Amino acid sequence: MLEVKELVTYHGSIRTIDSISFHVNTGEIVSIIGANGVGKSTLLGTLAGLYRPSQGEILLDGESIFSLPAYKIVRQGISLVPQGRQIFSSLSVRKNLVLGMYHNYQKTKKNLMKSKIDKMLEIFPSLKKHLNNMGGNLSGGEQQMLAIARGLMSDPKIILLDEPSIGLAPIIVREILEILQSVRDEFGMTVILVEQNVKAALKISDRAYIMDKGKFVLSGHSYELINNPMIQSTYLGLKT
Amino acid sequence: MPEQIVQFTITGILTGSIYALVAIGLVTFYNVTGILNLAQGDFVMLGGMIFVSIYKLGLPLLPAAVLSIILIAIIGIFIERTAIYTARNSPIIILISITVGLGIFLHGLALIIWGTSPQSTSSFIGSEPIRIYGAVLPPQGILVIISLLLLLLVLYIFFEKTILGTSLKACMINPEASQLVGINVRNMSMLSFTISAAIGAIGGIIVAPISGITYDMGLMLSVKGFMAMVIGGMTNVFGAVVGGLILGLFESFTAGMISTIYSDAISFVILILFLFLLPNGLFAKSKGKRV
Amino acid sequence: MGKSILEIDDLTKRFGGILAVNDISFNINEGEIVAVIGPNGAGKTTLFNMISNVIMPTQGEVRFKGEKISARKIHTLAKLGMTRTFQNLLIFENMSVLENVMLGTHIKLNTTILTAGFRLPSVKKDEEMSFYMASEALELVGLKSRMYERAETLPYGLQKLLEIARAIVSNPTLVLLDEPMAGLNDSEKNKITQVILNMRKKGYSFLFIEHDMRVVMEMADRIIVMDFGNKIAEGSPEEIQKDPKVIQAYLGEEVF
Amino acid sequence: MDIRKILYNGRWKSLMTMLALILIAPFLFSSSYLLTVLILIGIYSIVTLGLSLLTGYAGQLSLGQAGFFAIGAYTSGILTTAYGVSPWIAIIIAMIVTAIFAYLMGIPTLKLKEYFFSLATMAFNMIVFILIVGMYNFTGGAQGLIGIPKLSVINFPLEGLSYYFLVWSIVFVVTLFSMNIIQSHVGRILRGIHSSEIATSTQGINVAKYKLHIFVISAVFASLAGSLYAHFFNFISPFSFQVSVSIQFLIMLFVGGARSSWGAILGASIMTLLVELIDWIVSSFMNGGGELGLLIYGFMYILVLILMPSGLVSIITKVTDKLKTRFQTLFYKKEEVTIGEEHIGD
Amino acid sequence: GNTKSSSTVQNEPSNTNSSDSINIGVLVAETGASSSMGKPGSEAVKLIDDQLKKNGGMINGKKVEIHLQDFKSDDPTAILKLKDLISKEKIVAVVGATNLSASSAVSTEAEKNKIPMVSLASLPNGYGHYIFGVVQKDIVIQSVIVDYLKKNNIKSVAFMHARDGFGQNGLKSFQELGKENNIDVVAVENFEVLASDMTVQLTKIKAKNPDAIIVWTRPPASGVIAKNYKQLGLSIPMIQSHATANQTFLDQVGTDGEGQLVVGSKLNTINQFPDSKQIKISKDFSEAFSKKYNYEPNVFSGYAYDGVQLVLDAISKGNDTPEKIRDYFENGIHNYPGITGTISFSKDDHSQVAPDGLALFRIQNQKWTLVK
């Protein structure tokens, strides 16, 4: 459903994304793995429209979304949960959630909206008592949960998650990853996941790409990669 | 003496309401962009000028008022697209400076069109003052207060209860995240600028019969509006109104009870003292920033 | 184990109706690495903020090297030997990486506005010293090659390293690290772990919050577990790992 | 990597250029009118240099600089006219008075954040203005204070060219002083305060102290400029010290480039010259009145800001950098150093 | 280029040679705080300029040019502009500046450069060798008011003024005048020029029970006061200054101004006066002015007109250097029929202007009517 061809993005004069091509099928969970600074966030940011690519092609269901601004891309059904949370710090948690469905707010019925918020609170019970607390007052992990919840509120076709496990307790990480799987299974949502927690990421994803210096250097099914000795030594910290 | 006190109160509330009207406009744009629009007072001026001109052509009050508000809104859109939008990537402080330039431009324009003499109309609703305990309230004053309250109500509902209002606020808090949820941040800046320009026009229309409109009144109004806005905590429409009233009352009471020469100086001293007690203004919500 | 340098007594913090930290007490000894773990929203960061005087406790007190510090200004702590990093990064975005770390050397310098203005010889000496200290710290965390870049253009992971470098550059006695490893990849994590363990050998103490259990197990001499503002357990990594309360509240059945 | 490069980041080359310009300028502009404009630019530069430290670096947006400018001018003016104090001594006294004033005022005001600080400084400016108008027995009130003596050296009055050199040598010293501050640990502290006060104080830095010091220094600069202004025009009136003048100072700073001493001077020059240029164009070619000038001025003003969002100085830097890299790549690999001051042409 | 400090300029005959035209400088505040006075003045000057150009710009076979500069109501700018006029245009005389503080600022500069100056504000304390004025001293204008007060047996008044040079100076001179004429100033109130409400001041005045109120300011403030006065239901006489005597004010106050008093120029009701040489000049000027600008001239147009005409008069008598013009002013201007009053200069008085161009008006049916 998402097809990226020879994508190039610059930061100033540095070619941060250096001609990347890949594709993601509907209902897949795909992980992107790489060391710090190889350009993972930039790639997701480019897909979501935050950075302007300078070359290449991005097709969503066959239609080009290349170089569309971020707010239009969301309407096409791609939602990014950015690194560093980026919640609305001086709005209440509830308003943060409501804004998550901004782009189809008009079409959404009041009670549907309420039930959606309730659903998010079910997934992230620790947000419940903070519903009227300001986003910025939450703890780091709670903010991360809020960011993910906000991303899910828009019912995206594809959700891009940039290191969602940062700052979350191990038990929550596991829960979230399970939730991702279940959303995928239930609604056919497609997930692109950037993770440092490689083992966990590979465990839930169907396929993965390994990224280095702006390029994809390796790709394959997760079960293959997890047994790849190179991956094991570099990313899983296992001595082979 | 009690008669005087009532009079000072009325005067304070009236001048305060005008400051409040400017402050509301300032807050509306600030809430969305973080920009302090120092040309807000000039929108009041321009709105008033245009209104007086249309009104004097013979149009009835209401259509003349609506027409001038619409005109100012259009001018607002134009100005936002040319002066603010083109500079959108500049630091906030540059954008604030641009609004200063805008103010100069607008009052230069007004000077060319309307000259130096004040433009004014007669009171809309009769001129027989209303007596309260020996003090007088000009009927026009009632109109000022009513419009202020109405505007306050509308804006309060807009910002606090509608998604559009919330999304306007979101733009300032985090423009990047706003885009990510589908808000067109650029248009929001235009929308809010237009709204605040229109609020300015309302201010101008209301002031026209009271003190008349002069081309150079803008900066003074912006400054007073800014003070009101800060007292009220910067981001809060309700706070802006209370801030404006406090400022107006301060001024009239220090002038009335202490000294007219130093009334402003004294009220500024009180203002500063007040800021030390409430360093974030009256109705500041916590910024939601923690480390 | 050395003598105790940080003593925390009955520390409590309320935010309106939320009891973020409830009556926490513990000590840290010289040369010790202590970890604080616990579910999200347990009050760990709030605890750090109180220790480093960023916020005032509702109740209780903190003593550092025998001195009560709760009434002190934030900036006096660095001189006493306590520095910290932040969970939501607080780097100086408008500066280069090097300059960020050079600011961390402040307590070792004597430059004042007037000496700087007149460029007295001491200023130059200060600058040189600051430069070498900062480069060393950057070398230690592996950021030296990027020291002239603007800090905000660094990727998230490296910004974390930058904060760590800034916190250790002034040779403090105790460093508070709030989730130092979040966002780092495994090899960076290993590196930082080694850096910290080496520093411990030289007598530095650390108090850190972390959700990566592998790192916690490897680094910590002692672990304090918080939940809903309360201390629910304290002990050696082995003890904590087996503690059913901790498993239930925090770790889950399977440890990644 | 040479540590010198960080410390003496091309300072002397640009300072020498400045010195040369100072020496040449009056010979390029011969009329007493243009000389006056140059002197004014010098006086304003002293204010904007201080403002650059306070606002550009430390991030404290002061809307009250004209208040300190006024204290300088009026202390000088009153001491020399009413009490016969020597102008030189009056300048010094004015600076001390201002320093004390700024210090006392700074302690509480600097606790305020962002716009709240701006408001407090603005209120201060207004109070100063009101007091000048109100205390007319001392200050001459709204009519202004006349008969302020010229500065003189051993009975040789400084005016015209000699005053020009006096003002600009002071500008030179003030520039050097500011650059020394900026290119030092203190400069980093100021930028740190701008970025995050909490993060700065956790580095062991007494934020309040540095803010206060820099506030006092910028006030003293403004006061010095105010005294020079008074002794130059031999006349002052309160309207030269209104809040709008404070705003003008800020705008000069931002047009030039807030985070650079060169920007401060450049901004003062551009904005002052712009006004004169427009007046000249309007009066000689357009047969329009001052109101047309106002319109054009507002328009140019916006245009300049839109075109140069980080100040004129950044554009100059970009151009010279480009030329330099072109030049340098021919010979050796360029080493990227930008520390502290944004620099031009080093 | 050669450099001249202003001290060398001072010693240089800045007029004679260079160009063949004779240049006159005019400094007015077209913009800024004083523009409501400066603008009508500058338009009067432009009117003269037009008329001059119609005649080919020639007087006595010599080309005369008027150089008008806006000093933006900023006093140092006025000095700057004067320097510019002197060094660039080599002017022989300067007319200006609009307001008091600017006039006193430039007078020093004019004196230093030995350029005769015709001030458009009444300079209070002494004048230089080269400084003249076409504006009645405040005391002269206020004597019109005092006459009225005496006639109506009014002994206690309140004085209200703006916090500007005009207002502060007006207060000073009225206090002196009051003392001389046994009129008590029982209340003094002041206000910001741009203030939009004066109820507080008027309320305080009301409490002091004066028999009349004197107001020394210009529109819009004077209009606001007039309206507030009406609203508060005050009935004692209120007399406003000549700065208020213009159509703007009438428009602003509408029916609220009925019955209030204003000191004005005869220009205001030019047809209500019997013909005389002065009235004739005024009429011509008034008609030409209203034709060109669509509004009636006021006192400030009159001052500027008189100022420039005086210089032209000097030139037409063959005086084409600063020195000659100065000498002509001191010796040759006797009973000169200025629009705003009859002007007579002498060695001892460089700004004797009779109040005969002025009169006291009452607003009736939104029009000026002469108070007999």
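Each chain carries a letter (A, B, C, D and E) given by its place in the written order, and its residues are counted from 1.
Operating definition for what follows: a contact is a pair of C-beta atoms (placed from the backbone, for glycine too) under 8 Å apart; a residue touches a chain by one contact, two chains touch by 3 or more.
All values derive from a computational prediction rather than experimental measurement.
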Farthest chain (mean CA position) relative to subunit D: A
Chain of greatest Cα-centre distance to subunit B: C
Cα-centroid distance, subunit D relative to subunit E, in whole angstrom: 37
Centroid distance [mean C-alpha coordinates] between subunit D and subunit A, Å: 49
Between subunit B and subunit D, centroid-to-centroid distance (C-alpha), Å: 31
Rounded Å distance, subunit A centre to subunit C centre (Cα mean): 29
Residues of subunit A engaged with two or more neighbouring chains: 137
Residue numbers of subunit B (touch at least two other chains): 108, 111, 261, 264, 290-291
Overlap residues in subunit E, where contacts from two or more other chains coincide: 31, 33, 35, 39, 163
Parts of subunit E lying in touch with subunit D, wherever the complex brings them together: 1-9, 29-31, 33, 35, 39, 42, 46, 67-70, 72-76, 79-81, 83-84, 86-88, 100-101, 104-105, 108, 124, 163-169
Subunit D to subunit B touching residues, read off their complex: 61, 108-109, 111-113, 115-116, 119-120, 122-124, 126-127, 130-131, 133-134, 198, 243-244, 247, 250-251, 254-255, 258, 291-299, 301-302, 305-306, 309-310
Residues of subunit B defined as touching subunit A within the complex: 163, 166-167, 169-170, 173-174, 176-185, 285-290
Subunit C residues touching subunit D - in the complex, by the definition given at the top: 52, 54, 73-79, 83-84, 86, 90-96, 98-99, 102-104, 106-107, 109, 111-113, 116-119, 123-124, 126-128, 130-131, 148, 166, 170
Complex interface listing, subunit E residues touching subunit B: 31-33, 35-36, 38-40, 163, 189-192, 194-197, 199-201, 203-204, 207, 219-220, 223-224, 227, 230-233, 246-248, 251-252, 254-256, 295
